[in-house]
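The two complexes that follow have subunit A in common; it is paired with subunit B in the first and with subunit C in the second.
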Partner chain A sequence: MTDFLAHLDTLLLWAFAGCAFVSAALMLVLRQPMRVAIALVSCMVFLGGVYGLLGLHFIAAFQVLIYVGAVMVFMVYAIMLLDPRDESGGEKFSKLLWPGIIGLSLLAEALAVGYWSDLPPAPRGAAGEPFDMIRFSQAFLSEYWLHFELTSVLLLAAVVAALAVIKENRRHDHG
Partner chain B sequence: MDKVMMLQVLAASLFALGLTGVIIRRNVLVMLMCMELMLNGVNLSLATFAHTMGSAVGAVLVFLIFVVAAAEIAIAIPIVLLLVRRKRTLDIESYSDLKG
Partner chain C sequence: MIADLVISLVFIGYAISVLMGFGTILTWVERKQAAVMSDRIGANRAYIRIPGTQVKLVWLGLFHGMADGLKMLLKEDFKPRTYDWYAYAVAPWVVFTPVLLVFAVIPFGGSLTPARLWEPLSAFFGDKTWPMQIATLDAGILIVFAFSGLTIIGAMLAGWSSSNKFSLLGALRAGSQMISYELVLGLTVLGLILVYGTVNLDAMVRQQSGIVLGFLPAWGIVYQPFAATLFLAAAIAENKRIPFDLPEAESELIAGYFTEYSAMKMGLFMFAEFIEIAIIGALFTTLFLGGYNLPYMSDAGFAFPGGAALALPHGAVVVTQLGTFLLKVFLVCSFQILIRWTLPRFRYDQVLMFAWKFMFPLALANLCVTAVVVWAVRA
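On to the complex of A and B.
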């Protein structure tokens, strides 16, 4: 029992990773956009679990808050708004189905070869010291403050661009 | 399999699945979601390296990618909305007006 509990986090990590992979694969085969969105949400939640198990709790929290809470809710809203208007009802896959599948299988083969041919182990930190929030926050706001400010400029540009797109559309409607 | 290696393989697979989705699906919204999946694969790779190397750079980049994803979706959804208003369809192949 104690042995099982000692390996519980590894087990959970593998389970979360497997579930994330399965939901990502489901995204390719499900037909309705809403089901694809649900598969993506579950993939993101499982990835949040993976981050939590790695000890990156704040990334896990932001994964759930920003991706699932903001981005995907916006996406589900768009699906609810647009899907009933879709009059195509055509095929699920594009003409590029076979090139896409061939590319995917080539990538799978490359991954398998990379795994079986004993790649060097991933580099580790100097003393294997765990990641901690204090060091992250200090680095974020002292070394990377310029990038932080630039992302706020990016967000502002996105807001202005979204407004411009909508305004252009209104003018088109009235004109 | 090593834990870090497994997570890197998972990150690469998520990226590949997202890219395949962008290539093979026809619905614009599904393509956008597949792009989000690609970003998630990159995030997983960065977070795994941040965890392994004990460095803050990976985590900082993950945060910046969160912001970029939010900005991307804020622009992409209005564009899709306008496209659907004009063409009445979500099918990517009917948006080929720009083809030379």
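On to the complex of A and C.
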């Protein structure tokens, strides 16, 4: 019993990681937009669980708060409004299915051989001190502020670009 | 190790029974309080007859909750021919589960030392002390917001997958309303985080057991009365109850996003709403009303402003704290029901205007003033 409890968090970690992997795979395989969104939501929540088990409670909270609470809510909202019941593209798989699978497995093998074996063991939050609000804020505002600002500028540029693309298409439609 | 597991299981059991208890009791309180407010008798028909006699136990209509539960379990489980059965089936759980999970980070009592409660317990538990909270996470309030964001997805999924125009309209309204008010809710709490300098809910409650200005208990509502009002209003809107119940306005949309749900699946939506009343009560108590402590009280006992102190035994403190928390939560719930039976419903554009043009600027102003004052006091 004590033995089981000592390994409980490892067990939970693997369970969460497995669920996150399965939902990520489902997100790629499923074809209906809303189900893809649900799979992505569950992937985010399980990843949050993984962060939480590693002792990074803040990252876990932000993972769920930002990705699920903000980003995915808007995606689900958009899918609900547009309600894309597009039945086109009846072919279930592309012609490049087999080359794709072979390429993926080759990539996975290359990663496993060249990269995975050299990885340091995963840091465990339980051993060190918890990654609390103060450490998080200091790291965020002293080391990563530039990355954060650059990312937001990049996102703004992406939004503007998306708008430009839509406008260009509309002009073609009318003209 | 096993002692930790036992304590956690006891706490989880306590939390679930408290929430389920509140969910059931509040359905009764809602009816009875409405009746009292409008000078009626209210629910009094459900009874249990003692077998073999003509004695009928009515007990002020308390059995109506049981009758409701039984009715929902026994009704036909109607399934519409929807476009997406999976989303339809999973939606009630996406609404219900996060509501329960939120309670995990709320401290419902101070610290518990089983050995000091009853001597023989020390053989098993040692003299270890546990905080009365299921998950002592330093991210506290952030976890609450993370989970409450999930319920929005559940409401939208339910409305979308029902393939019913009323449901879709309800989901649309629920989505935009909850997104808007979630923002206000977050902004009001930010001011409180500035004052306390922490997001850990247990640390917040411990700071509130002090005294401010010589005699007032250092509760959140004393520091941030304005934020407390905004928080409660935004929380009621987040729970989609009158005056903000546009997503399920029965005179316009039948039952809004859960029109196509029947039997216990519909019961889950209703139950989630009533449990959320209790969750809002618990959050408001923890953030603004000093949590599980009576005024001038801490884990050691009472320390009155005049300098007088009263030390209490550990068992008395634990019982007082548990009781105080439940009482405060119940009072806040009752206040929410009072509002529900007092105000008429908004129009839909008014709801969104109220969020963005009235509450959002006020919450921002509150945050700015708080930031300046905190900076001036600390400097």
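The criterion applied here is as follows: the second predicted complex is superposed on the first by the 99 of 175 C-alpha atoms of A that agree within 3 Å, B and C clash if a C-alpha of one lies under 4 Å from a C-alpha of the other, contacts with A are read in each partner's own complex, and residues count from 1 in each chain.
By definition in this document, a contact is a pair of C-beta atoms (placed from the backbone, for glycine too) under 8 Å apart; a residue touches a chain by one contact, two chains touch by 3 or more.
These numbers come from a predicted model, not from an experiment.
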Contacts of A:F62 with subunit B and subunit C, given as first, second, both or neither: both
Which of subunit B and subunit C A:M80 touches, first, second, both or neither: second
Partner chain in contact with A:A70 - subunit B first, subunit C second, else both or neither: both
Contact breadth on subunit A, by residue count: subunit C or subunit B: B
Partner chain in contact with A:V153 - subunit B first, subunit C second, else both or neither: neither
Partner chain(s) touched by A:G48 [first = subunit B, second = subunit C, both, neither]: second
Which of subunit B and subunit C A:A17 touches, first, second, both or neither: first
Which of subunit B and subunit C A:I38 touches, first, second, both or neither: second
Subunit B versus subunit C as contact partner of A:L5, first or second or both or neither: second
Overlap of subunit C and subunit B interfaces on subunit A (superposed complexes): 62, 70, 72, 74, 79, 81, 83, 85, 130
List of subunit A residues in touch with subunit B within their complex: 10, 13-14, 17, 20-21, 24-25, 27-28, 33, 36-37, 40, 43-44, 47, 50-51, 54-56, 59, 62-63, 66-67, 70-72, 74-75, 78-79, 81-83, 85-88, 90-97, 99-101, 103-104, 107-108, 111, 115, 119, 121-131, 135-136, 139-140, 143-144, 147, 151, 154-155, 157-159, 161-162, 165-166, 169
Parts of subunit B lying in touch with subunit A, wherever the complex brings them together: 1-10, 12-14, 16-21, 23-27, 29-30, 32-34, 36-37, 40, 43-44, 47-57, 59-60, 62-64, 66-75, 77-82, 84-85, 88-94
Residues on subunit C engaged by subunit A in the complex (per definition of touch): 1-2, 5, 83-84, 86-87, 90, 137-139, 142-143, 145-150, 152-153, 156-157, 159-161, 168, 171-172, 175-176, 179, 182, 198-199
Subunit A residues within the subunit C interface of the complex: 1-2, 5-6, 32, 34-35, 38, 41, 45, 48, 52, 57-58, 60-62, 64-65, 68-70, 72-74, 76-77, 79-81, 83, 85, 130, 132-133
